[in-house]
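This is the structure I want to talk about, given as structure tokens.
Chain IDs A, B, C and D follow the sequence of writing; residue 1 opens each chain.
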Amino acid sequence: MVALHHYLILSAVIFAIGVIGVLIRRNLIVVLMSIELMLNAVNLTFIAFSRYLGSADGQVSVFFVMAVAAAEAVIGLAIIISVFRHRQSLDPQEMQLLKW
Amino acid sequence: MVSPEPSSVAYDLLRWMPLIPLLASGFNLFFGRALGKQTAGALAAAAVGASFALACYVFWQLPAHGIWRDTLYTWIESGSFQVALSFQVDALTAVMLLIVTGIGFLIHLYSLGYMAHDEDRVRFFVYLNLFIFFMLLLVMGDNLLILFVGWEGVGLCSYLLIGFWHHDHNNTIAGNKAFIVNRIGDFGFILGIFVLVTELGRQGIWTLDFVELQQHVKMLEPATITLITVLLFVGAAGKSAQLPLFVWLPDAMAGPTPVSALIHAATMVTAGVYMTARLHFLFILAPATLALIAVIGAATAFFAATIALTQNDIKKVLAYSTVSQLGYMFLAVGVGAFGTAIFHVFTHAFFKACLFLGSGSVIHALGGEQDMRKMGGLKGFMPVTYWTYLVATLAIAGVPFTAGFFSKDLILWQTFSHGATGLWSIGLITAGMTTFYMFRQLFMVFHGECRVDAHAKAHLHESPAVMTLPLVILAAGSIFSGWLGAPEYLWGSRWEHWLEPVLGVSEVHHDSVSTEMIITLLTLGVVVSGFLLAFVNYRKTGAQTGSQAGGGLFYQISFNKFYVDEFYDLAIVRPFTALASFFARIIDPWVIDGTVNGVATTARRFSNIWRYLQTGNVQHYAAMFLTGALALLAYFLGQL
Amino acid sequence: MAGKDLTPPATQGVARPLENPIQWFHAASSVVSGKWQCRSMDMASVIFYLLATLLVISSLLVVFLRNVVHCAMALVTALLIVAVLFVTLHAPMVGILQVMVYAGAIMVLFLFVIMFLNPVELERRRGVWWGFGTILAVMLACVLTPMFIIDESPANPLAATESFGSPEMLAKSLFNEFVLPFEIASVLLLVAIIGAVVLAKREH
Amino acid sequence: MIVDLAIITVKAALVLFMVLNLAGILGWIERKGSALIQDRIGANRASIFGFAGLGLVNTLIADPLKFLTKEDFIPPAGDKFLHMLAPCMALFPALVTFAVIPFGDVLHLGDRVINLQVAHLNVGILYVFAMGSLGVYGIVIGAWASNNKFSLLGGVRGSAQMISYEIAMGLSVIGVLMIYGTLELQEIVRGQATLIGALLPSWLSFMHPLIGWLPAWGIFLQPLAFLLFFTAAVAETKRIPFDLPEGESELVAGYHVEYSGGKFLMFFAGEFAEIVTVAGLVTTLFFGGWQIPYLLRDGFHFPWGGQWLLPQIAVVFLQVGAFTVKVFFFCWLQILLRWTVPRFRYDQVMRLGWKMLLPLALMNIVVTALWIVAWQ
């Protein structure tokens, strides 16, 4: 039988993978995707809890997470577009205006 | 002397008295140039005229025991301490209103002529209106704080107007001097206010309102009251040019003559007297202070008079005589005759303004010449000025049935009847000297043969009507304004009754009319002798005028004003500037800047080390962040 | 609405055992586990582990593929698998929303932007940094996992009522206790729209 | 249990079969119809042993054969895997959408009650939209994978257009959902069995003789919603007048320039399957689905009193027949549209979607909500 912590561990692993993406990818779009992945890991946790504790709040929270994720993706992509316009590149490591 | 509880009535008209001049001033400030110089001046004069009309109306309407209030809004409110921006008019204020707006109006008219050829007349009228506004604030404010605002405001305007012709460096110096000396006085004044508020607050009464103060000052202990009153009097001495703070007033003559007439003779310098009268309920509780005031007043009167004897600058003479007259007023205050002091303020406003304006008209005619040795025989050239000047001189000298006669004799009689015989004798001598130096001036300026140089003599002329009209009015005033306060053996004083509701019944004993008459006769004698002395010396050509050879040591001392300025310069100004320059040269650059820059430098050194953490690469930051999170997680895992 | 009272009570009470995927899933699991006598692992676990494996694989692809479009497709796959997981967790409504919002809208937006910018060159990779990041993330997983294995975590889900995870249930709690956050979320989305327009607009 | 699973499978297979065949038939209808409209003879060449019955049978068989036997060309610079994946992604959503559309009421077999609907989901209509939104991938990926400027342009256009119109479509349906108070399509259809007379508020009772006898179909309760939904749906199918993503005259063939053979067939079939799905949805939401006016479980009950009882099995067949006929009608309507209306310009498409359909849909929602609050 599947217990709660199976889901939790699964989401932890997915989250970690998303973190890898955020840390190492050198393409802003993929970094954004990895963030979406992390958000999904969290959503999975929410749903698992709401199922195993039998309360609707988890699902509602997922609803809100989705709203926030949508907003975040939209803004992020807009920023990426304008950045790409100015410097024909998507590499976050080339954007170091704040370097010492 | 407890006054019947005055009935305070709300009355919306009052606020317009100060506001109209303020609005006119603001309007001129922004649109005056566009308006055209003549129109701007007319507007300013009209504004003051309007508030003069209001003042008359209020004066006639005001019931004997009434106080009219006009509260605009609550200005400060902290806890139970509340200060409202509100005006009040009672008998005392009404009188001051008449003086300020009336004399102010006349002097505005006069200025239209006097400043006709000046380039930035507009600025002049802006300042003048602003001064009227602040002066009205001062006399109408119903609590100490508003009075203080007006107090500072008139100080500011006086500074601005003294330095009005700022192209001449000396004028600006004179302005600064006036301002700084006033600061010293104001410092004492505001300290007095602080002490008063805090001490009353300790009793549980947080207020600055005059009426409430009058009810509650009883609960302060005498020592405190003495301290407060002394501090307040320091302020008054500063503003009203008493010893030892009188030095600014003579220099203040650097300003245009109308300014000298309005601010430095008629209104502002009497603010100190007004303040003491306004707070009489406080002062009469401090006999020690009153004694001090009386002594200082008498001393000032005498001292200034002695200086005035030998001055050759027409305005300087008047300036010192002003100081001396102010001394008289404070002498009256000192003997507890506040009503009489205000009465002298009233009469003095007329004849001193008249004198100043007359001198102004002379200076105007001579194209800026102020040295009396270069005048003389002007009688024929400018009759109106001469006759008005003569009247005013008689008035200040105290010739019977002129204003000066009534007020000054009243002061002397009060002093005598108060039992201060020494002070009375000083006053008596001063009266003689007053007569002397005034007639000396009259003779030097108007009589004898004309010593005016040819160039100026060419266009020697009587002043235009707009200037002479105020002279006439003021001259009339300097005769009849005194009749309000006639002594008992004549038709008796209206004045006392008018001010009783505010100042209470003065304790002048009109018991021995005979004594009073004797005193008066004595004064007359002194006056006449002073006149004879002047007549003998100066009636003729004024040959030895200003011949410094004549007269000995005393003459030199008097001529050099007792070296007071030099003394202050040595004792106070130089050490002060030396200290300041020391701070500026040593402390500020080395200690203060050193500290500040040192801190900054240290910070920068460290930042130069740490800033290498800032790679500007967002992923590095994320990695750091993750590391921290990992550490926290590991810690909690350990806790599990 | 009024349509319901036209249907005779005969069909009203009749249970429809197999009318949505969740029920299929449980029926099928029971059938299969009844068929093959596998006590050790029932169908639910099989499906879970299957989905979990696929999910992990697709997520790894998202992170380690070099071509942006491939990453996007892998992410879409991952999202769909997560949606299926939601459905198996009795959250069909959220699952559908997941497909609509994430797969249907957000990822399409991603693809749209990718096509729009069409970055030609493959990204370069730096071995050291990759290793470092990976190690950090693995450490994270290793720290998180033991924290989740708690004894008092409920092993078995509560018996789900018929309406659990239905739109009605979601709507009830969303529009009663969470109505304020709901409104705020709408405002947030509006702000995001405006911001996106302003940011991406080519200034003239 | 086994039986239940079997029934489900049968239903699914049946629906799938129907849809695919309908798609094929539509292919033929499109040719014949266009020929009719353009006054040509149309497809009449393919013949089997000299038998060309209007070309229908032949077209059904010959078309797939032709496509399947053509060379399947993959552009060498393209992305092989995605290029192969794209057609499936285009076809899949169109097919699975039909799972929630009910094609009949319950069927009683012995003691079993079979709901004539593949999946009874309480999120029904949302499922439809979810699947519809997945349809975009086929285009975008196909366009990108074939590494061709024209197809890329087509892909970009397609994705933008589909996203835009999904919003309008979804919002236009909400009015209907509010009226019938459910998301589940079978329930919506059942809700349309009643008569408008039963819904009239008291102050409108004088209208009863005029419109009281009408069935409470969506088209009568939400006419505006119907127009909006139908327009948006046609735009979703990317057919003329909304065929900007393909636009032969500008983009050769848009996102499937580089497709040939079986893959193109899949795109093709996907397009027609979408037509069928749209027709099914319009029928279900606005035209009473399988409902025939006045026909209840046990026969006809006319509002003027008369009734005509029927055996249950006959009723079921009538209903399924009615559904099929309605779907056919709307498929034909779309084809008619495609051959009669000229193509929009791209900016016109966008303006229509964002500046007309969207505000109108919102207004429709508000008005409906006010109505419901006021009279229920």
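In the analysis below, a residue touches a chain if its C-beta (ideal position, glycine included) is under 8 Å from a C-beta of that chain, and two chains touch if they have at least 3 such contacts.
Keep in mind that what you see is a predicted model, and the values were worked out from it rather than measured.
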| Touching both subunit A and subunit D (chains) | C
| message | Comparing the two chain pairs, does C-D have more C-beta contacts than B-C, or is it the other way round? | response | C-D
| request: Find the most central chain, measuring centrality by the gap between its CA centroid and the centroid of all protein CA atoms shown. | output: A
| task | Return the distance between the CA-based centres of subunit B and subunit C, expressed in whole Å. | result | 86
| field | Cα-centroid distance, subunit B relative to subunit D, in whole angstrom | value | 97
| Averaged-CA centre spacing for the pair subunit D and subunit C, given as whole angstrom | 27
| field | Centre distance in Å when subunit A and subunit C are each reduced to the mean of their C-alpha atoms | value | 12
| request: Two or more other chains in contact with one residue: find those residues in subunit B. | output: 619, 623, 626
| message | Which positions in subunit A are in touch with at least two other chains? | response | 19, 23-24
| When you check subunit C against every other chain, which residues touch at least two of them? | 93, 97, 105, 109, 114, 116, 129, 132-133, 136-137, 140, 144
| Linking chains that touch, what shape results: line, ring, star, complete or other? | other
| said: Touching residues of subunit C toward subunit B in the complex: what are they? | reply: 129, 132-133, 136-137, 139-140, 143-144, 146-147
| message | With touch defined as at the start, can you tell me which subunit B residues reach subunit C in the complex? | response | 619, 623, 626-627, 629-630, 633-634, 636-637, 640
| message | Under the stated contact criterion, what part of subunit A meets subunit C in this complex? | response | 1-10, 12-21, 23-27, 29-30, 32-34, 36-37, 40, 43-44, 47-48, 50-54, 56-57, 59-60, 62-64, 66-75, 77-82, 84-85, 90-91
| note | Listed in rising order, subunit D residues that touch subunit C in their complex are 1-2, 4-5, 7-8, 79, 82, 85, 106, 113, 115, 119-123, 126-127, 129-134, 136-137, 140-141, 143-144, 152, 155-156, 159-160, 162-163, 166, 179-181, 183, 187, 189-194, 198-199, 216, 296-297
| remark: As the complex stands, subunit C meets subunit A at residues 42, 44-45, 48, 52, 55-56, 59-60, 62-63, 68, 71-72, 75, 78-79, 82, 85-86, 89-91, 93-94, 97-98, 101-102, 105-106, 109-110, 113-114, 116-117, 119, 123-126, 129-130, 132-134, 136-138, 140-141, 144-145, 148-150, 153-158, 160, 164-165, 169-170, 172-174, 178, 181, 185, 188-189, 191-193, 195-197, 199-200, 202
